[in-house]
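A, B, C and D label the chains in the order they appear, each numbered from 1.
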Amino acid sequence: MYSQKIEITFGAFNNRHLQMAKLDELQDIVTQTRRDILRMVHKVNSGHPGGSLGCTEFMVALYNEIMDLKEGFDMDGIGEDLFFLSNGHISPVFYSVLARKGYFPVEELSTFRLINSRLQGHPTTHEGLPGVRIASGSLGQGMSVALGAAQAKKLNGDDHLVFSLHGDGELQEGQNWEAIMYAAGNGIDNLISTVDRNGKQIDGPTSEVLPMGDIAEKFRAFGWDVLEIENGNDLEEVIAGLNEAKSRTGKGKPVGIIMNTEMGNGVDFMMHTHAWHGKAPNDEQLEKALAQNPETLGDY
Amino acid sequence: MKKYTDQGKNDTRSGYGAAMTELGRSHPNVVALCADLVASLKIQDFIDENPDRFFQTGIAEANMMGMAAGLTIGGKIPFASTFANFATGRVYDQIRQSIAYSGKNVKICASHAGITLGEDGATHQILEDIGMMKMLPGMTVINPCDYNQTKAATLAIADYVGPVYLRFGRPKVANFTPVDQKFEIGKGLLLNEGTDVTIIATGHLVWEALKAAESLEEQGISAEVLNIHTIKPLDEEAVLKSVKKTGCVVSAEEHNYLGGLGESIARTLAVHYPAPQEFVATQDTFGESGTPADLMEKYGLNNKAIEKAVLKVMKRK
Amino acid sequence: MYSQKIEITFGAFNNRHLQMAKLDELQDIVTQTRRDILRMVHKVNSGHPGGSLGCTEFMVALYNEIMDLKEGFDMDGIGEDLFFLSNGHISPVFYSVLARKGYFPVEELSTFRLINSRLQGHPTTHEGLPGVRIASGSLGQGMSVALGAAQAKKLNGDDHLVFSLHGDGELQEGQNWEAIMYAAGNGIDNLISTVDRNGKQIDGPTSEVLPMGDIAEKFRAFGWDVLEIENGNDLEEVIAGLNEAKSRTGKGKPVGIIMNTEMGNGVDFMMHTHAWHGKAPNDEQLEKALAQNPETLGDY
Amino acid sequence: MKKYTDQGKNDTRSGYGAAMTELGRSHPNVVALCADLVASLKIQDFIDENPDRFFQTGIAEANMMGMAAGLTIGGKIPFASTFANFATGRVYDQIRQSIAYSGKNVKICASHAGITLGEDGATHQILEDIGMMKMLPGMTVINPCDYNQTKAATLAIADYVGPVYLRFGRPKVANFTPVDQKFEIGKGLLLNEGTDVTIIATGHLVWEALKAAESLEEQGISAEVLNIHTIKPLDEEAVLKSVKKTGCVVSAEEHNYLGGLGESIARTLAVHYPAPQEFVATQDTFGESGTPADLMEKYGLNNKAIEKAVLKVMKRK
């Protein structure tokens, strides 16, 4: 199907280089990614900046520091770590991180959500965008997919890891708990699933929409090894947390990370509210927001 | 032909919301449910006025459908609402067992149906929901065409006893049906009389059909326009009466050509009066991101597509 | 729809009478119900005796001692306790208990699973069988329905309770966890949901099919008040447990009961195996099984 | 007419199981998944021989479909199997997004389809699955007619790259197609040539169609019997060729008459060659408990029903 093999040479941010990368180098990518997100959603006056901005540190760290990635892209991803974005609405951060990593031209970010683009509102394999291995958007499906990919790795004798990201509101979907139960019951210990606990969803704070109690406790009751990242918008903490999670793999249990983030992080007027979950800034707001995130690597 | 005027563009979902506000006042047993999409469904007024009669289920559509079924036990009339994909494909088996087979008086109210959902793209653009819901025994399937009709349909289904699937959309479109038009479930509306071809349209495609008919008239073609807002039960009498007169038909719907209104019409004709038909619908593809207008153009869902289909089908008479 | 009002006068086992009923009177119903179950599934060589036999004490206690029931049957059930069977495959025990309670003629049990019967393989409202308020059979849907009915009771100012029963394997369905999360998050405290923990499902022991760990702990992590019935085939324990559960309602939390049962209980060769989940006894096996459960109230 | 002999009754699901055993040996990338229904799906041999390539998901069909999609990433060919209702209606949105739209090479293998599931009753008797799966862009939909054809189809889909819905059943039925017949996806099989009427049948109804054709021959009616095992992509050429010759058609399927193969044929004819059609199918009702034979009789799904439909449709030519 959409499993064409694509030759890509990663640019400045290949893995070996990044192992030595200074934090402020990563921070530059973070800031540039924030700009990308804001400019993408502004242009089409649609899309989801809130969750994207909150997960920027995580996504930048994952792709530029944590994951062991091959050069190029093929669907099977044998011999490299894999990532699945279950909360597909935060596609802007995913696209920016993929493009800045070298999976596709950075200029293509300007086609986000336009007709005939590979950068669909929600990520998809359907248009052959390198870096994407599954469609998401309808919530709650990504952990099951990650589980399948993790099992395939085991069958293939491939000792690389599978990562996934999920919204906290998304965990209200029952399919997640099927997957969570399966992963523990079958000792899927090459999987690291992170929950973006920003405490917000479309209709308001999760505590008002549908109180979820202690998420970590729930994962533990289902048999997972769980750790928390107290501040998921602190790059150092995110990297430390992800490395800690990696060290806990291969021990018979799936590893979960509850990561506290601030929706809309990095743009003062987008923080501490759920209002920007799926709303784009207008011209004036964009300007204000960009001013808080000065250009580092060059706008697309 | 009869002229229809756009009374001002509006979204069909706002027709739903306005009717819910009225039902909140007139029907004490009406309750509303929503799965984390309140603003999109336009039911904030209902909630503000009837906080106890609203159930926020979070992002858990299966649980919402089951809860709606349960709420009927005790005499409530639940209006369970979310995006059309999550109101059908996500929860088909729940609707099937807990609502349709159990014969529960639940109204499944689905916004953002079809490709005109726009920028969110294919994962959200359900083009199979009419087909799914029409296959369920006992389900009534309604796809109104504008704000006024959606509002009227919402009011009408509250007084009808039985499960209903009500499908509406996101974009602001022409509002042209009379504000006081009574909504009769299962009764097709003859919007324009014609003799050369029948255009049967539902949902957002009805306005496009009217525009097509106007342009066809200028070319000397007399098109009958039938608004089938209720796909099930289908007004077979109205369909047959018109096609027997014109001898050919174009069906127009914001749905895959497989399984939808078009195939229901083809079946009706095959059983009663075989006649040439063309399908204005998506051609078995997923949608994609884009503006509603761009998408309707690209996927052949507008007046131009209808005109083309009319010219084609008339040659086949 | 199928909400006709039906006049029924409960026979010997009406509520007032039952409050005084001796345990051995209930035990007689239990034994007779076991016979009914065995004879029903034997006749059509299909149906689910295993789970039915394991839940016989529970169902008999519920309908004859615990629930506050009106005479007659109407769909809305206002002013009485309600019960929902989520694991619909154990319809034999449900039908027998309903019939023996007086909801429909006991003779009708002989039509189980035959064409044109009201006693469908899985319970349904579709044929108008008194006592049944929802169809079940496709697993995992019953708790959501029970939740809706519980909310309707609150709206109606009806302080009666809603009961539901679920298989343990059934809890693998994600929809349950949506409902479990909702119930706690919204303080649905007029609901008592019981899990039939027999440790078995179709393909084998749950511990082999999909290990579920500690179910009580999971419910607690989701915010429920949970109690356990150690031996769900001990009538006294079941009644005590259900009464304890009732006493915990109205306190802001949904109440869960984890009830340990033995699949196939009461028939020695059907116990300690999952083999009889959905298999009927042959003539010889029936005879053996009935001999272990002598007639008490008269066969249908 | 050509005579078909029953080589001995067998269940189509056993054809699936037998093929899975073969695939286990011949195709190292084939993996199997099941949601607590291993014995019903007849895959115990596959599991015994390839324990590492089997995934028992428990009663969690949504997770099973997602896992199947994930297993393709890494080159596996997952056969995800359960009862047809739980393989479609329960998980439509998961199939839609994670398999069909994502273009994953997953084989959805569904047993106990239709009313012949028997005693378990309506909650298990899906009569809408063909319609659901045919509406999904990119999905191949196959409903083989007997043990041999099911086995051949299972082997064939392993070598086809793309998502497939394979539907089969529970009861033992006549096994009459040649044991060595190659299965060509999308290619209708002309089982009997005739001139007066075309009978297009799929699944368990094919044998019934052949029986009907025999009896019709005795009455001097020459019925062409076309086995459409692949509902999608539909062999429109074969359908049109036959109907152009005979001038009328009876479709026969174990499915609601709404949305299934019958409507696909009606659409094809409406677009290319309008002709009278009758539908042998369930008439928009849920099923019920009973023996398969009793149910086929009561719901009009056997040779007698086909005969009646033929006589009716021929009068309408």
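Here is the rule we go by: a residue touches a chain if its C-beta (ideal position, glycine included) is under 8 Å from a C-beta of that chain, and two chains touch if they have at least 3 such contacts.
Note that the structure is predicted; figures quoted are calculated from it, not measured.
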**Request:** Could you see whether C-D or A-D has the larger number of C-beta contact pairs?
**Result:** A-D
**Request:** Using mean Cα positions as chain centres, tell me which chain lies farthest from chain B.
**Result:** C
**Request:** Calculate how many whole Å lie between the centre of chain B and the centre of chain D, each centre taken as the average of the chain's C-alpha atoms.
**Result:** 30
**Asked** In whole angstrom, what separates the CA-based centres of chain A and chain B?
**Response** 36
**Complete:** Cα centre of chain A to Cα centre of chain D, whole Å, reads 40
**Item:** Where chain D touches two or more other chains, by residue
**Value:** 57-58, 60, 62-63, 85-86, 90, 93, 96-97, 101, 122-123, 286
**Request:** Mark out which residues of chain A touch at least two other chains, giving numbers and ranges.
**Result:** 124, 126, 135-138, 172-175, 178, 181-182, 185, 210
**Request:** Work through the pairs of chains, note which ones touch, and then classify the graph as line, ring, star, complete or other.
**Result:** complete
**Request:** Please give the residue numbers of chain A that touch chain B in the complex, ascending.
**Result:** 44, 46-47, 88, 113-117, 119-122, 124, 126-127, 135-140, 169-170, 172-174, 201-203, 206, 209-210
**Request:** Give every residue of chain A touching chain D within the complex, in rising order.
**Result:** 1-3, 75-78, 82, 84, 124-126, 133-138, 141-153, 155-156, 158, 174-175, 178-179, 181-182, 185
**Request:** Please give the residue numbers of chain D that touch chain C in the complex, ascending.
**Result:** 34, 36-39, 56-60, 62-63, 85-86, 90, 118-124, 286, 288-291, 294-295, 298
**Fill in**
Seen from chain B, its contact residues with chain C in the complex are 31, 52-53, 55, 57-58, 60, 62-76, 78, 93-94, 96-98, 101-105, 138, 161-162
**Request:** Sort out for me which residues of chain C touch chain A in the complex.
**Result:** 172-178, 181-182, 184-186, 210-214, 217-218, 220-223
